[in-house]
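Next up, some structures in structure tokens.
In what comes next, subunit A is part of two complexes: it sits with subunit B in the first one and with subunit C in the second one.
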Partner chain A sequence: MPKISRGFHALCIASIMTFLLAPVILVFPISFSADAYVAWPPSAWSTRWYVALLHNEEMVTAFRNSLIIAACVTAITLIVAMPAAVALTRWNFLGRDALTSLFTAPLLLPSIVLGLAILVIFAGYGLVGSWPGVIIGHLVITLPYALRVLITGLSTMPAFVEDAAGTLGADPWRVFRRITLPLMTPALVASAALAFIVSFDEVVISLFIAGTQLKLLPVSLYHYVESWTDPLVAAVSALLVLGTLGIVLIVERAIGFGKAVSK
Partner chain B sequence: MTVSTVDADARSGGGRLLLTLLLPIIFVNVIAFIAPVANLVAMSFREATATGSMKEGMDLATWSSLVGDAYYWSMLWRTIWIGALITLVTLVLSYPLALFVSRAEKAKALLIVLCISPLLISAVVRTYGWMVILGDQGFLPALLRSFNVTPPRLINSQLGVVIGMTEILMPYMILSLLSGFGKLDTTLEQAAETLGAGPLTVFRRIVLPLSMPGVLLGCLLCFVLAVSSFITPKMLGGGRVALLATEIYDQAIVTLNWPVAACLSVLILIVFGTALLFYGQLSKIVE
Partner chain C sequence: MYLEVESLEKRYGHFAPSVSDLSFSLGQGELLGLLGPSGCGKTTTLRMISGLVQATSGKIKVGGQDVTRLPTYRRNMGVMFQSYALFPHMTIAENVAFGLQMRKARHADIAKRVESALAMVHLSGVAERKPRELSGGQQQRVALARALVIEPDILLLDEPLSNLDAKLRDNMRGEIRDIQQRLRMTTVFVTHDQTEAMAICDRIIVMNRGKLEQIGTPHDIYENPATPMVAEFVGRINRLEGQWRSDGAIAVGDSLLQVKDGGGTGRVLIMIRPHRIDLGAWGTASAGSAEENTIAGTIRHVTYVGDTFQYEVATTGGLLQVEKATSSMADPFQPGDAVTLRWKTRDTLTFSTEIAG
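And then the complex of A and B:
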């Protein structure tokens, strides 16, 4: 390739990359603005919006609630998805593929439709705005992710190790606990991270079923942006980006994020 | 799959164990997926009264009032063409980037992480980032003004929605394209170049046709996500860009007319189904 066109090519790639990352990067400088509203460039720099965030009761409560919900959802996701993944990979039965597709189907449904559907039925049982209601609503979308990761993990794992342990006299439960579970650790870490992030970030389904009583962070952020234009949300966003980065690094350490997505 | 001990166990009466293992996930799917969706479809055949309660019995009253209303037709078309436009822009921007990433020798893993990781950040946060960039006092208008250019209306407009949605959907497109590029063999391109083909011909005759499956998959994914997304059009459209998904929310939460919201949901599912059919037909042509 000639030099000029090569330079042009590099410039194009860099601009597209900038476009992709711009919104995530720009919340950082704005979060240190000293202005009372979002304006570029900020007239002065300060940490006042981080201080304001600590004193904003709704955001602090919503953050705590979202963490608790995400932790519960992650734990239940693993408890529900793990046996299902074992059943769907280690058993041969009629309708196995159909069941697998059914369990991943909620991901294909637009979340606005799923949210509305859950709202309509949960409203009749008083589950809207309740902790169990929100947890079940989140489970529907975290389970398909976790199930997919776990099934991939289990089916790439050599079954002969389990066979060997069985032949040597270990009962199925012992085989699972001593052989399958340790070998599954990377897939478990990945699906836990995914379930946590999906639940913590879920906004559309939460918007429908969290109601006004149960404050969740993405919902509170959304409502805040609707009525206020100050950089408080930038401070929250910056913290969320850093938190997500932390989780990605943990997963990277555990299994290699790049490897996991490029396959 | 090789026969493992559990398999052998399954045949000798492990059916109950199998059911126990699957029962929790079946339970969650029935109460929070299958029953609600079936109920929602049934809801579209009900009718709301002026007080917000539901009339007895099921008929096509809500459907026929929607079909007869030009407002909903124009909203449907707007949703479809904005979805198609977003898909096209996303493809045009993602293709060169995905090609570059798939050919990168150094730091390929890091580049993939950079392209995909925006997916892990909440749509609210990313859309807020766009409000910071596109807002009247934002980054881009300030930049344009410093070049003495009067900025166009970037926020609370269709332009803003298209820009924001494009960025939100790019990681999905890049992922699909990367899976398609995986099959691309660079020796084919080298052969074509040796035989005298220019770079444009190589791209048009070899790279593009071979990457078509990835392109189609990415377009399907982006289109259905663009048609059904709600947060970004709501935040960047500022209530001025009425799409199917934003209308569903308004009907369900603000107007409290669940039957209309249910009809619009079924309508979105029909758009989805049509897109899937198109995808199936086009994939056949490509192969």
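And then the complex of A and C:
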């Protein structure tokens, strides 16, 4: 009985994984198709769509823009979220819990609502289609994620280590630098990775705010798919999957991804 | 006096104060125990001394200098936490060196002092390991070395033994006392375990509900408890209720009890420790003298726990617990036996005002 149930267990997991991952994996062979449209199985193999991608100026620009935006968003997210998380976990003040809920609330809102709201406000300030506009829009989404991870990281720190450092003669700044910061590194790396991936992949808010002037990869991809059905999208997707995997691997190597996200 | 605490108070919001009206002083090299049930304010007091909690009012002076408003990192107090609070990302040597680095000690000097601190707690071999690779007892020694290496003005120990198993606890207790004596380190030791406090403290403060109940030597606290709370907290004890008589004796049931310094009116609470009561077969005793009290009773229940028999005896004044050491020969009393309970007058503790408790 235990053996059967274990086999069944494994089968369940295998089928769920297949269900979840099959489309992602399928993207790779399709991206090497020699056909002019997406079809399975491809009639012949080639790397022509990767070459086409390199010569597609819009895609290359969009990719570069998205990278720059994601990097900026990640940096600003950490700079803002880290002190905020410290304040929300280490200081005692009236309305602290209310603030924590408020700051993490956007996680629960449908991004289409957020996107629309931001569009309405930004339009008045001429921020639509601008770099600062897109960065601020993305921050609305990435900050709650980062705050969540950092708050968890800070509140699960071993008890009293900061107090202990204080009694040993470390002033608050040195307590932070020598004790708090090293102990929250896993949470920092995790929130950086999350912020980067979320910003890079964000479609809905980018769609609203990027407008037509500022090309972003997910938006350009979306528009491309509307009018073309060739395997170029598969090539882009394959690269995205590899990129994300790369980030996850780096995080895993650095601290262990499971630990970083769940800690 | 080296450490002086004057009318210390801590309030959180509008709740009853966690600590109030607490005053005591401590000589150089003295080991003081802060003893009390959980929530009595002993840890809050320790944290106020260390500066981790700001006192609402009152003064804390060390060597004559007022440190009440000084931040923790300027106070030079060695604190050992209940959870040890070792830095998990540093090696043992780095943990111990931390306080010296904060004091900007010279590099070579740091290495030497870390080494001798670890030697003092018998942990020389583990300097390069991380805290999680050490056992609980070893982690605790590291915490002690880390607190002592900075040569603190005062050593503060917060329930240092409560995370250890019983045997290790006794060893460690003795070791802490040894080191404290050797360094003549002025120490405040917080605990809820009266045996622990009795065993190593020069003096003990018993706290209850944020207030000092009594301060004194372990002997004082045990033999002359100031309040029924202290009497009950530092060991097992019987309670009886009686009535003062005009001749200075106390009427309990149909017996009369003498007390060492009698006198009072109205009702009175009497307390006697179970092991201070002698049991004899009924009729073997002479009537109570000035040095001794006797009361008649019937054995209700006998419990054998190896080193003692614990008897429950019904008397006209109420139920009394009696504890007798066992010997291989002794033939214990059986339930239903008529007995005489006898104890010294000076072991009869009386509390006139606390009858309601």
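Keep in mind that, in the parts below, the second predicted complex is superposed on the first by the 239 of 263 C-alpha atoms of A that agree within 3 Å, B and C clash if a C-alpha of one lies under 4 Å from a C-alpha of the other, contacts with A are read in each partner's own complex, and residues count from 1 in each chain.
To be clear about the criterion, a residue touches a chain if its C-beta (ideal position, glycine included) is under 8 Å from a C-beta of that chain, and two chains touch if they have at least 3 such contacts.
All figures in this text were calculated on a predicted structure; none of them were measured in a lab.
Q: When the two structures are laid over each other on chain A, which of subunit B and subunit C touches more residues of subunit A?
A: Touching more of subunit A: B.
Q: Mind working out whether A:Gly169 is in touch with subunit B, subunit C, both or neither, as first, second, both or neither?
A: After superposition on chain A, A:Gly169 lies in contact with subunit C alone.
Q: Looking at the overlay, does A:Leu107 come into contact with subunit B only (first), subunit C only (second), both, or neither?
A: After superposing on A, A:Leu107 lies clear of both subunit B and subunit C.
Q: Which of the two partners, first being subunit B and second being subunit C, lies in contact with A:Ala52: first, second, both, or neither?
A: After superposing on A, A:Ala52 lies clear of both subunit B and subunit C.
Q: With both complexes superposed on chain A, which partner does A:Cys72 reach: first (subunit B), second (subunit C), both or neither?
A: neither
Q: Examine A:Phe160 and indicate which partner it touches, taking first as subunit B and second as subunit C; both and neither are also allowed.
A: Both partners.
Q: Could you tell me if A:Val241 is touching subunit B, subunit C, both of them or neither one (first, second, both, neither)?
A: A:Val241: touches subunit B, not subunit C.
Q: Tell me the contact category for A:Val189 with respect to subunit B and subunit C: first, second, both or neither.
A: A:Val189 contacts neither subunit B nor subunit C.
Q: Applying the touch criterion given at the start, work out whether A:Ile250 contacts subunit B, subunit C, both or neither, answering first, second, both or neither.
A: neither
Q: State which residues of subunit A lie in both footprints, the one left by subunit B and the one left by subunit C.
A: The answer is residues 159-160, 163, 165-167, 172 of subunit A.
Q: Under the stated contact criterion, what part of subunit C meets subunit A in this complex?
A: 50-52, 71-79, 81, 83, 85-89, 98-99, 102-103, 146-147, 150
Q: Taking the complex as given, what residues does subunit B use to touch subunit A?
A: Within the complex, subunit B touches subunit A at residues 1-2, 4-7, 9-10, 14, 18, 20-22, 24-25, 28-29, 31-33, 35-37, 39-40, 43, 93-94, 96-97, 100, 108-110, 112-118, 120-133, 135, 137-139, 142, 167, 170-171, 175, 178, 199, 224, 227-231, 235, 245, 248-249, 252-253, 258, 261-262, 265, 268-269, 272.
Q: Residues of subunit A touching subunit B in their complex?
A: 1, 9, 12-13, 16-17, 19-24, 26-27, 30, 37-41, 79-81, 83-84, 86-93, 99, 102-103, 105-106, 108-114, 116-122, 136-137, 139-140, 143, 147, 155, 159-160, 162-163, 165-167, 172, 175, 197, 200-201, 203-204, 207-208, 218, 221-222, 225-226, 229, 233-234, 236-237, 240-241, 244-245, 247-248, 252, 256-259, 261-262
Q: Under the touch definition given earlier, write down the residues of subunit A that touch subunit C in their complex.
A: So the residues of subunit A in touch with subunit C come to 158-161, 163-172, 174, 178-179, 182-183.
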